[in-house]
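Structures are listed in the sections that come next.
Both of the next two complexes hold subunit A, though its partner changes from subunit B to subunit C.
And now, the complex of A and B:
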């Protein structure tokens, strides 16, 4: 306890000296591997109720960490004079915890990519329906991955950036991928038009009000509206600020409360959906 | 990097505490046997109709959790998809779950396998039906749109967090004549779904879905707790409007409510009877 108090006072528990960081990080990674390798067989031998108890405990402790960090007082300078008055002793651990989440995300990305490649390899090998698309995907995947990895290595000066790599990377990413993204995004404009046509067709009193209001707002917020009548921009702004914004805020309140209730259920393992 | 704390804002700390208390108390009430009412949500009643249509046509059902990363929104979306999959398993209807986030994909595989097991049809589960397409927004959008077109899906369920790609999914589904039910917490995408889908679940109705479908006491109790919290928000707003109208916007208590500070400001205000 004395050691911990001293460490907290010196703020060295999360801020290690530069030379100790590599050793400390290696120990953490090795410890995590040992823990995972030991935990998997233990979990498999446990009955479902025992496994659930472990999951419930870990979930509760993880949630408790974030809740405690938020609710605990931040100013501890009366006890630890060197401490930052804008954080408590759990605050510096927030970033490492978020890094862990990123690492899990990166591992899952590998899993997702494996699933995608396996599916399309099977499609191509077994010549299933539309297997040509699978060939296109696999070739694109390999070429993109190769150029992306080589480009990263070149940025780190591990390999030399030759003209083939430079030109190939530019063609694939700047002239192909980004343009395809832009093409997909531009489709939204056409889809808005077709969806708006259906939504604004006058079929009922509500649809008529919707169409009339939408037209007022659309004309009011463009320069043409002010040319037609100075009242139009005022009306459009009134609709946006007095009618639209409160309705959106009400929806946001509801969503926020719903999310908080869901988080509490997950934290206390009361939610049985996918857990 | 600085983080927000309860000590920085007394108002949010009290509100969070109240919402948590309201939710937990009502969960307890429901567990003790209180009969709780939940109103009808037409979009959720239509889920079975959409599955029935897919079964009749022999065409697949698609489920899209959007681009959301793993969190409460994704858990809620997967809970809904699990319910849909259980219904699908009864009729052996083909399904595709298309994910744009690898963590959601990993959990979705387990959830869908569980759903087939719980429905008593583990033989129908095919891991290839739960697919990760891409974590790039428009690559994912083109993958989903292509699959909807090629497989001529009969029902399209979109539950989760969506961005600019929402209309690409919804309009593509509309083109192939699919019954579409969408539910999202992204209120900027709600107009697109309303325009292009048959049924749209708006805002916090999204979080009510699992309670509505399962009728579990814990979830129903939580829902009543949320409604009480919403009532508190409405009353606070109304009270603020009345107080500001009577006392004026410069009154110390209105300033304290409008720009809440830390506990120091709160206690100072309480001890001085709303004064500074």
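And now, the complex of A and C:
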């Protein structure tokens, strides 16, 4: 207990000792690996209620950690004289916890990639409907990934950037991926145009007010509006700042309160489908 | 039995959507290629944005959060180019961070091209922090310990050893953060970044309406809205960029949409009158 108190006072408990960092890191990673491998069969033997209890406890503790770090008073010098008065004893743990969150975020990307590849590999191998598209996806995925990884390594000067890599990455990224992505999104403009022509009808007073306001803003915010009349940009800016802002604020208050309620429900595992 | 012929108004109301697509396409192509340049009237949020950058001293640090992919290239690219040009003109140091995987490469290549044209040195005057998967976590980490959160730039150089970031310990050492994004990422910067940091915003047009509450409260000091905001900024800087042709095209597309909304309503009205007359 004394050792723990001293470590907390020196705020080194959350950081690995500098002199044996590699050894400690290896031990921690190996320990975590063994723990997870051991936990999987244990979790599988547990009844659903037992599994739920574990998930609920871990979720609650994880949420409690961030809430406690944020809400706990920062000045603990009365108890730990060596303590930094600008932070509480949990603050030094925030950085490692955030590193863990970044790793989980990266793992989610890996999990998504794994799922995508597995699905399309199965489609291709079993010759399911439209399996040709799966082949196209897998080939594109492998080629793009290979060139992207090589490009990143070249940026870090780990591999040499040859003309094949330079040209290949430019063709795949600049001249293919970016153009396709931009073209896909630009299709929205055509749908908006068609929808506006068909659906934007003056059927009531409210619809009329909405339509004429929208028209004023649409033409007032673009350069053409200022050419038609210098008053149009002023009117458009007035609508945005004086009418739109309060309405947006009201919506955001509602969304914020809803978000808070949802966060508490998730933290306390009250949402359906948590486990 | 003879099929009843459609009136002009009914045919207008049930026009094949492909004709509409073609009209819009022709409109876009003509005004994108036409050498027509209309001066923009500078909106207050853009003017405030410009004024905030003008306040920077040589060597001041600016964080650019670039979170856009190619889908919003038409709006975010002119914004980012104009902003980087202004930062270089003020001799400010800047770093770029991306929470969008594709944006990491797009923003890095764009910044590399723009800075090379002006002789700005990577590592000395600017750097790219690469891709981070979670913005809130990254901001909170940078607030407490920036070098340990980011660790390396895109070229694999340790952050603590970069001349551009000498002496930088946390986000508090920055003066300004500029969020170039099509997503709702700016509340994260408002919520978690240090209070001394000035937040500037470059959203797509569709996201701008939501930001007026933050402009009103002063939590965002300035905003460049989409391509038309980029055009205004280019005008303030006195440069020719992508913003002007894009904004002109948007101008005439808006006009076309308004004309067709009016036409659709007129056709609906005439059709109703005709139906009433025919009983």
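Here is the rule we go by: the second predicted complex is superposed on the first by the 218 of 275 C-alpha atoms of A that agree within 3 Å, B and C clash if a C-alpha of one lies under 4 Å from a C-alpha of the other, contacts with A are read in each partner's own complex, and residues count from 1 in each chain.
The criterion applied here is as follows: a contact is a pair of C-beta atoms (placed from the backbone, for glycine too) under 8 Å apart; a residue touches a chain by one contact, two chains touch by 3 or more.
Note that this is a predicted model, so its numbers are computed, not measured.
Chemist: Would you sort A:266 into first (subunit B), second (subunit C), both or neither based on which partner it touches?
Modeler: After superposition on chain A, A:266 lies in contact with subunit B alone.
Chemist: May I ask you to decide whether A:244 touches subunit B, subunit C, both, or neither, giving the answer as first, second, both or neither?
Modeler: second
Chemist: Of the partners subunit B and subunit C, which touch A:105 in the superposed model: first, second, both, neither?
Modeler: Both: A:105 reaches subunit B and subunit C.
Chemist: State whether A:176 touches subunit B only (first), subunit C only (second), both chains, or neither.
Modeler: So A:176 meets neither subunit B nor subunit C here.
Chemist: Is A:201 in contact with subunit B, with subunit C, with both, or with neither (first, second, both, neither)?
Modeler: So A:201 only meets subunit C here.
Chemist: With the two structures laid over each other on chain A, which partner does A:140 touch: subunit B (first), subunit C (second), both, or neither?
Modeler: neither
Chemist: Report for A:229: first if it touches subunit B alone, second if subunit C alone, otherwise both or neither.
Modeler: Neither partner.
Chemist: Given the touch rule stated above, what does A:221 touch, subunit B (first), subunit C (second), both, or neither?
Modeler: Once the two structures are laid over each other on A, A:221 reaches subunit C alone.
Chemist: After superposition on the shared chain, which partner residues are touched by A:184: those of subunit B (first), subunit C (second), both, or neither?
Modeler: both
Chemist: List the residues of subunit A that touch subunit B in one complex and subunit C in the other.
Modeler: 91, 94-95, 105, 108-109, 180-181, 184-185, 192, 194, 196, 198, 248, 252
Chemist: Where on subunit B does subunit A make contact in their complex?
Modeler: By the definition above, subunit B touches subunit A via 1-8, 13, 16, 19-20, 23-24, 27, 69-70, 72-73, 75-76, 78-79, 82, 99, 102-103, 105-107, 109-111, 114, 127-128, 130-133, 135-139, 141-142, 146, 150, 164, 167-168, 170-171, 174, 185, 187, 190-192, 194-196, 202-204, 206-208, 210, 216, 218-219, 222-223, 225-226, 229-230, 233.
Chemist: Which of the residues in subunit A come into contact with subunit C in the complex?
Modeler: Contact set of subunit A toward subunit C: 91, 94-95, 98-99, 101-102, 105-106, 108-109, 148, 151-152, 155-158, 173-174, 177-182, 184-186, 189-190, 192-194, 196-198, 200-202, 211, 215, 218-219, 221-227, 230, 233, 237, 240-241, 244-245, 248-249, 252.
Chemist: Once bound in the complex, which stretches of subunit C touch subunit A?
Modeler: Subunit C reaches subunit A through residues 13, 17, 20-21, 24-25, 28, 38-41, 43-44, 69-74, 101-102, 105-106, 109, 132-134, 137-138, 140-141, 144-145, 148-149, 154-156, 205, 208-210, 212-213, 215-216, 225, 228, 231, 247-248, 250-258, 260-261, 263-265, 268.
Chemist: What part of subunit A is in contact with subunit B in the complex they form?
Modeler: Result: residues 69-75, 86-88, 91, 94-95, 104-105, 108-113, 115-116, 119, 122, 130, 133, 180-181, 184-185, 187-188, 191-192, 194-196, 198-199, 248, 251-255, 257-266, 270-275 of subunit A touch subunit B.
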